[in-house]
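As structure tokens, here come the structures.
Both of the next two complexes hold subunit A, though its partner changes from subunit B to subunit C.
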Partner chain A sequence: MTDNKLVSHSVRANLLVLGLLALVLGVVPGVLSFLGKSYYMQVANSALIYCVVAASMNLITGTAGLMCLGHAAFFGIGAYTAALLNTHFGLPFLLTLPLGGVAAGLAGVLVALPTMRLISIYFAVATLGVGEIVHVTLLNWVSLTRGPMGMQIYEPITIFGHQFTGLLSIYYVIAVLACVSIYLLWRMNHSYFGNALRSVREDDQCAEAMGISVVKLKIQAFAASTFFTGLAGAVLAHSAGYISPDSFQFSESILILTMVVVGGLGSLPGSILGALLLILLPEVARGLGDMRNVAVGVVMFLSILLLPKGIFGEVSAIEVARKLFNSAWDGRNAVGWK
Partner chain B sequence: MDTYFLMQLINGLSVGMIYALIAIGFTLIFGVLNVVNFAHGEMYTIGAFAGLVCINMIHAPLAIIIVAALVAGGLSGIGLERIAFKPFRRFQDEASLKSRAMREATLLSSLAVSIIIKEVIQHFFGAEMQTIPGQYMLNNPIQVGPLSLSSGQFLILGSSILMLGGLQYVLYHTRIGLSIRAISNNPLGAKYVGLSVDKTIISTFAVGSMLGGAAGIMVGLYYGAIFPTMGFTPSIKAFVAMVMGGLSSIPGAVICSLILGVCESLATNYLTQGWSDMVAYSFLIVTLIFFPQGIFGSRRERV
Partner chain C sequence: MPETILETKGLTRRFGGLTAVDAVDMVMRPGELVGLIGPNGAGKSTFFNCLTGFYPPSEGEVRFLDKPITGLKPFQVAKMGIGRTFQNLRIMPNMTVFDNVSIGAIGSLGHSLRRALWPFNCLTDNEISQRTWDILARVGLDSLSSELAANLSYGKRKYLEIARALATDPKLLILDEPAAGLNEQETEQLADFIQKLNREGLPILLVEHDMGLVMGICQRVMVLALGKKIADDTPEAVQQHPLVLEAYLGGEECQY
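Here is the complex of A and B:
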């Protein structure tokens, strides 16, 4: 490969990243504030939050092949940790945000330690049980979580004394966080770590024989994934100002799973597309009234039937990663790509 | 013995029988296809709603309502198999029948179908609890010595024992049952001796969903609660019982369902209603950690 080509690759990669950043930070908020409807802004906020959740779930369900049916539990742990720390101890956003992530990550490790020996359906069932345990706890521990009444956070997002009260400024907080988390998840997905996870997914016994510590790797992946989910939960708690156990029940886990599946298991851009599709679809299909959740089910069913690889399948996602970032990986750091 | 304790025990047994009826459906389908049918809880809901429609339309007697629920459950089981499972069974060999891709695809497709069924029911009947005419409610008190039981408990216990007996007869004395057992034992071998895999899978879904539908209407009339999402909690608990029983063992599933039901109703002495759901989930986690093959499961290579 000539030097010339290397340059053009990196230029193209930079252009793509810049384009996406411009879209998220410039075009979308511009158009939304031009339209001037605060409701659209809220939809955009929740779409971004779900992008992070779907991308983080993709790391375990897609890349590592561990079907998780309780991901909303970690989302909820992050959200409730942030909300409790903020209302009871008055901690600022800058502290509750990482602490929400850390709490969810710790919970993830706790769940992962005993369940990582289980494979396929058994793991799915175990995470389903964990998800329900967390939901029941949130619902019934009324003295701490106020149960079904939910929790309210009155304090606006404050960073270094600056209060983010307008919807547009909250959007920017979420957008920056989403971009950073998705970038980190993308780098994890397309690194030696991600490739090791893929090998574990394809054949864990074989990976073990090749010298990969499967259980350790799975626990690391689970911790990373739940950390980002918790982060998204904390952002949700602060940006929405109200959380209730209903937002973290089984159906929510299924919604997140659907995002990843519709987008393409194992493909990070796919899961982001899936999240956007499933959050925006009910809004677009508002005319259908009650039937819009049916539309979600139908989209899920059709995508499994007609697009088993998803909208943006893993193979094409890896192709894109290879093409765009070849310059970084082609030379000295070619581990796992050749 | 304490009468209250005895009453809770009988209550637990009748709840456990309901779990058992649902768990049998899960177990039969898992045995034949090696997949988990996540839309099984919706068969329970459909049974309950079919019974309700019967009550409201023709004011039928109880026996006919239960038969209607059985039929509705069976038919929707067949429909479910055609829609959510058949399209993914593109190849007939054992490797792809029990492959991981097939398992995950059908798991997700049954989830999708269950969302659709739930939402459609909600669209037509509304999300709130349905009103059931008073004379159909199964909570007339019946005094047995010092115990005061209700007619619903007798109906649930009696008819589930009847259905379990019927299932035993079907599985061991009819051609359909024989082919279900043959295919869950060895699909390829069963195919070589001339059994139709497709037909057997359909009849498995029909049998399993019939039991689920009957369970639905009985619970609906006993507790007086019929609503679109009623299938979720019992089916998760039945699922727990199935995992505890070792995934493909019917006696195991029934025994574990009864244990679960009794433990739950005894736990209500010490816990409030909301927390008693935790019993099932903690059983699940404990089972998966300490007996991953299930308490009554046969030894398998890996879980």
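Here is the complex of A and C:
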């Protein structure tokens, strides 16, 4: 490959990143605050949060091939940890946020240790059980979680004494966190670590015979994925100001799974597109009235029938990642992943 | 230099009442190309799986490079330097040829979450890439590096599997029925390739169902029948061995 082409690739990569950042941090909040409807801003906030959740679930379900049916549980653990630490101990957002992630990550490791020898449907059912346990606990441990009444977080997001009260400023907090989380998940997906995860999905025994410690790898992936999901949960608790067990039940796990599958299993940009589609579509279809959810279902059904590999499949996602961000890919002495 | 590459002493593996591998002793010395043959159900695959850690042996010992490896897990055995292929091709179909081969290098050089998150080039990652490219060039798959493994022909997949095993930088390569499903010409090419690898100093244990390939290229042939080792000699001597003839062609009476 010539130097010229190398340069043009890295320029295009930088332009793409800048363009996306400009979109998320400039155009979207600009347009939304111009429209001046706070409801749209709330939808944008929740869309960003679900982008992180779907992208983190993609790491285990798409990339590592572990079908998780209880991901909402880790979302909930992150949210409730942040809410409880904030209301009972008065911990600031800068502490509750990472602690929410860590709590979910620890829960993830605890779930992973006994279940990592399970595969496919058995793993799915085990995580389904975990999801139910967490949901029922949140619902019935009234003295701690206030049960079905949900929890209110009165303190606005405060970072170094600055209070983020306006919807626009909350949007920026979420957007920055989402960008950082997605960047880190991107690195995990598009690296030799990601290759190792994919090999576990394709053939775990074979990966083991090549010297990969499959159990350790799965636990690492599970911990990372649940950490980011917990982080998203903590952001949800602080930005929405109210959480209830309803937001972390089985149907939520299925919604997250659907985002990943519709977007494209194993594809990080795909899961983000899937999250955007499934959060924004019901809002766009609001005009249909009662037929709204039917329309959403039809779109999901058709997208799986017509695009079984997802909106943006894994193979194309990896190809784009390589072409743009690893410009030396074609070269003879090139590296596989930067 | 260790005196023996691989050594088993009284290696036994039972499944319930069935003794699949029965007190097998073997020795492989540096640089050897050894064949392991036997009729269907002789215990070749079980023996193989005991060597590579997939089954823990019921009794006996396996030593690799003068160190005991009995009871180690497959990934630990692989990390110590035993590379293997599988009887029924096990490539990773939804990954590219490059990524398939990189798995071997990742397995031996290690994967880490920290390294994945580090946004700059790092030495280990460069080494993985470099080794993957070298191996791809050695087996002649470098022009197909960005092709999905699922799109390769059957013959090419065989080489892909060997390449992946070579990427673990093995001190011993065990090939499980590499010629299965190949036509005569392809088998000949594969034999040349295996001999070339061996001449470069890599000890190879060739597990085969079929005599042709083994007799042609191996310096020494071991024969298993009903779990027992019945012969261990040069290909010429093994072909004349009465017990071997009996095992393959059937004798008047079977007494083992």
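FYI, the second predicted complex is superposed on the first by the 326 of 338 C-alpha atoms of A that agree within 3 Å, B and C clash if a C-alpha of one lies under 4 Å from a C-alpha of the other, contacts with A are read in each partner's own complex, and residues count from 1 in each chain.
In this text, a residue touches a chain if its C-beta (ideal position, glycine included) is under 8 Å from a C-beta of that chain, and two chains touch if they have at least 3 such contacts.
A quick note: this is a predicted structure, and the numbers were derived from the prediction, not measured.
Look at A:L21: by the touch rule set out above, it reaches neither subunit B nor subunit C. Once the two complexes are overlaid on the shared chain, A:E208 sits against subunit C while remaining clear of subunit B. Of the two partner chains placed by superposition, only subunit C is touched by A:L217; subunit B is not.
When the two structures are aligned on the shared chain, A:E314 is found in touch with subunit C, with no touch to subunit B. By the touch criterion stated above, A:V298 is placed in contact with subunit B alone, subunit C being left untouched. Contacts of A:S191 after superposition: subunit C is touched, whereas subunit B is not reached. In the superposition on chain A, contact of A:G129 is made with subunit B only, not with subunit C. For subunit C in complex with subunit A, the residues that touch the partner chain are 52, 54, 73-75, 78-79, 83-84, 86, 90-96, 98-99, 102-104, 106-108, 111-113, 115-117, 119, 121, 125-126, 128-130, 132-133, 142, 146, 148, 164-165, 167-168. By the touch criterion given at the top, residues 36, 84, 87-88, 100-101, 103-105, 107-109, 111-113, 115-116, 119-120, 122-123, 232, 236, 239-240, 243, 272, 274-275, 277-278, 281-282, 284-285, 288-289, 292, 302-303 of subunit B touch subunit A in their complex.
Contact residues on subunit A toward subunit C in their complex (touch as defined above): 184, 187-188, 191-196, 198-199, 202-203, 205-214, 217, 220, 224, 266, 314-315, 318-319, 322, 329, 332-338. Those residues of subunit A whose C-beta lies close enough to touch subunit B in the complex are 67, 114-115, 117-122, 124-126, 128-130, 132-133, 136-137, 139-140, 250-251, 254, 257-258, 261, 290-291, 293-294, 296-298, 300-301, 304-305, 308.
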